[in-house]
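Structure, as structure tokens:
A, B and C are the chain letters, set down in written order, and residue numbers restart from 1 in every chain.
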Amino acid sequence: MHRSSKSLARLTAVIYLHSVRTWRYKYSFINSSINTMLWITIFLLGVIMFVPSRELPVVAPQVFWGITVWNIITYTVVYISGWTTWFLVSMGLVEEHILHGLDLPALLAGRLVTVLAESAIAVPLVYFVLRGVAGPMKLVDSVGLLFYGLATAEAMALGYALILATLALRLSIPGPMLDITNFILFVIGGIAAPVARLPAPLRVVAILTPYSHAAEIVRYAATRTMPYLGLLAEVLISGALAIAMPAAAYIFYRFVEKHYLRRYGVRGVGRM
Amino acid sequence: MPSSFFDVVAAEFYAYTRFYKNNRAMMIAAFIWPYLMVLILLGLGYLFGSLSQYAVRMGVRNPVFFIVSASTVAMSSTFIVDEVANYTLYNRWNGTLSYILLTPMRLPKQLLAASIPSTLISPAISVTSALPVALYFEGLRGAAIIAALYAVIVLGMIPLAGLSVLIAGLVLTVREETNIANSITPFLLLVSGVFYPVAILPKALQLIAIAVPVKYVVDIARAIASTGTFSHEVFLAIYALTFMAFTYNALVAPLLGAIEEKVKRYAPF
Amino acid sequence: MPGAIEAYGLVKRYVTWKRKGLLRRRKRSVEALRGVSFSTQWGEVFGLLGPNGAGKTTTVKILSTLLLPDEGSARVAGYDVVDEAVLVRDSIGVVLSVERGFFWKLTGRENLRYFGMLRGLRGKELEERVSRVLRLVGLEELGAADKLYEEYSLGMKARLALARALLHDPRVLILDEPTLGLDPVSARRIRELVVRLAHEEKRAVLITTHNMFEAEMICDRVAIIDEGVIKAIGSPRELKAKIAHSVPIIIRFRGDKSPEIAEKALRAGLEVLGLSVKPIEEGYVARILVRSGEDEEALSRAIEILARLGFSIRSVEVSRPSLEDVFVALTSRKSEA
């Protein structure tokens, strides 16, 4: 069999698998979209209590896109790393995939099918809520840049998620710990709010947070809010991170597979 | 050997405390969670607006303490609804559900008994995590406020007991990966207005809120966290909760038998 | 043609950590394999027999490239399991577990389709292969091919696992306890298929089991492994010949005392070649292997010993050596009852 046609067959397999699973678990992910949307709304309404009424039209689109980027990142991480720990390992599927010649990162990346389906439901719902509270708003200025920003954010999240998933093959990482870093970075890491709005010391944190660079591009594409580091710099940094993070994750996985999985065996993890 | 309601409660109490003992990370997470909520709200509020604006709109004198206590309410006032379903799901994944169903007790009673310990312990952990803030701002009175908050949260969950079992039954019959009804809890919180006045919600949601027990928990929490006294509104809210505790559970009771039968017919183990 | 499976001096140590207090852990090393060598032929069903924890699964995982050996080497279908892992994976069909390893919310057919695609199969060829293996293992006739995996009985799950192992038409099959816990019908179907695949289609089959009856029935040759060491290799008949000079005495008894006490007393009071005491439905069964010619005396002594301990004898039988007796004679470990 030719290598390329084999890769194509594998790609088809992964997309097939995740599409069927997403459909069969539809209630779960529809519920989860609604759940997310409701929690976001609760906080959104809380935050709006802080904002003077006249500033709402400017703040609302920024808040919306901050939440959208966060939603994509969070679900990528939760769906991919959580699935590895609780499902793949305990169902004996890690070894089956190694036997069938599919690298685990490729299988896991297929979970993006589910992530995107969930965001496709949750994000519009959040928009409607926000519009109900803040009135109509202009959401997009440059479609191309918006797409670029979202795609690079997704790629970075994928890399991070794959690293956590790989760790989860050997260690038991408590899921809630992931949530904690994730919420903290949302607020202080330049995802929720423009980096320029942060107090000076936090700007350093934000610049060190990979996602902030993608979020800055998204905000620029939506509301022409100039990125703190300038647009060109952010485009370059985001692009580099979007390639580097998944690549690093893949190399890390290969290392773990060779030096841990094939040496000590795949471990069942944690309670559950 | 026939096991009583209290045997099951005791057994679950043991299992639950062991779980935390062997899972320190979970314990730490339970303490940190309310602060994460505070961080998000205060952090974003500060970045996009101002604290004084919030204090004025909410009519509270200490917005930080208010947000801390509101977060514990948000964390735990609907805990029972998810807990009963999650307990059921967890045991199904674990393969222990069939053994649990073998205990000689009706399913609804069984599920409720099993979730009582966590329903009491988990909010206790949440409110305890707010204690340092309460002591800092309000001194000893703060501790009394926290204790009252805990009592109100637990009282507020009693009307939801029947509903919790209904949802657990539903989750069992649908056979999916996760609790497919867990968006009910944020909905209850949303209409109850933990962090904002219910008045900003659409009229329809405000009407629904009247029938939601959590709203009264939030009202009481807001009153005691912002004034530290028991006004007559507080007593009214307590009456409302007591009334709901009886009527809601009485309304749901006839459905429980049907759910039990359906669960056993689907045999989802 | 190269040998089907060749293992030379395989050694495997697992590292485990024992918790000591909050943070301290102590490293411990478990020697799962201590120099395992054997080879199997094309067209033969080769059985790896051993009690729980003997090292069967570890051997299977090394041969199927999932684990790296610490020492020694192995070739499967002519390829080295360490250096040519990808080629090995293309040549083998593996059953690792009869109850896991599939997606719950996919039907049997969809699961196979997915794993087939991962092997590079596509289109009409894929559909044909999937249907063929579903028929072969009898899932089609059970009407289970298009049921969700989560609705499968254990027997169906095991059949699906075997179907997947056959999907890409591998020349070597490596099956780890493929009949564990199955109903008789499913177990028989799998055994028949395994024998046919080896004898008629000239594939090589390595099957592990701790069921002696099964091994005697389907294996052309067996290796007995215990505590990571191969104790004997040969056809069931050859192995039985090794203990031809001995006779198994089978005593069923019951009582309140623990079976360990019975076992100890029997070992002390008799000159045994092998001994196992296992719990059965009512009470226990002792399998005592003694030299032929000494069986009558040994029998009365054994009854006396058990009676003195307060056990009551339910039945007594002097039998002919079976593979089980070879096993009892070779596995040094005390019974795990």
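Basically, a contact is a pair of C-beta atoms (placed from the backbone, for glycine too) under 8 Å apart; a residue touches a chain by one contact, two chains touch by 3 or more.
Because the structure is predicted, anything quoted here is derived from the model rather than measured.
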Far-end chain from chain A, centres as C-alpha averages: C
Between A-C and A-B, more C-beta pairs in contact link A-B
By C-alpha centroid distance to the whole-protein centroid, which chain wins? A
Taking each chain's mean CA coordinate, chain B and chain C are separated, in whole Å, by 51
Centre-to-centre distance between chain C and chain A (centres being mean Cα positions), rounded to whole Å: 45
In whole angstrom, the CA-centroid distance of chain A from chain B equals 29
Touching two or more other chains, which residues of chain C qualify? none
Mind pulling the residue numbers of chain A that touch at least two other chains? 25
Complex contacts: residues of chain A adjacent to chain C: 1, 5-6, 9-10, 12-13, 16-17, 20-21, 24-25, 91-93, 95-102, 261-265
Show me the residue ranges of chain A that touch chain B in the complex, using the header's touch definition. 25, 27-28, 31-32, 34-35, 38-39, 41-43, 45-52, 55, 59, 62-63, 132-133, 174, 176-177, 179-180, 183-184, 186-188, 192-193, 197-198, 271-272
What residues of chain B sit close enough to touch chain A in their complex? 19, 22-23, 25-26, 29, 32-33, 36-37, 39-41, 43-51, 53-54, 57-58, 74, 90, 93-94, 174, 176-183, 186-187, 189-190, 193-196, 200, 202
If you look only at chain C, which of its residues touch chain A in the complex? 14-15, 61, 64-68, 86, 89-90, 94, 96-97, 100-106, 110, 113-115, 117-122, 148
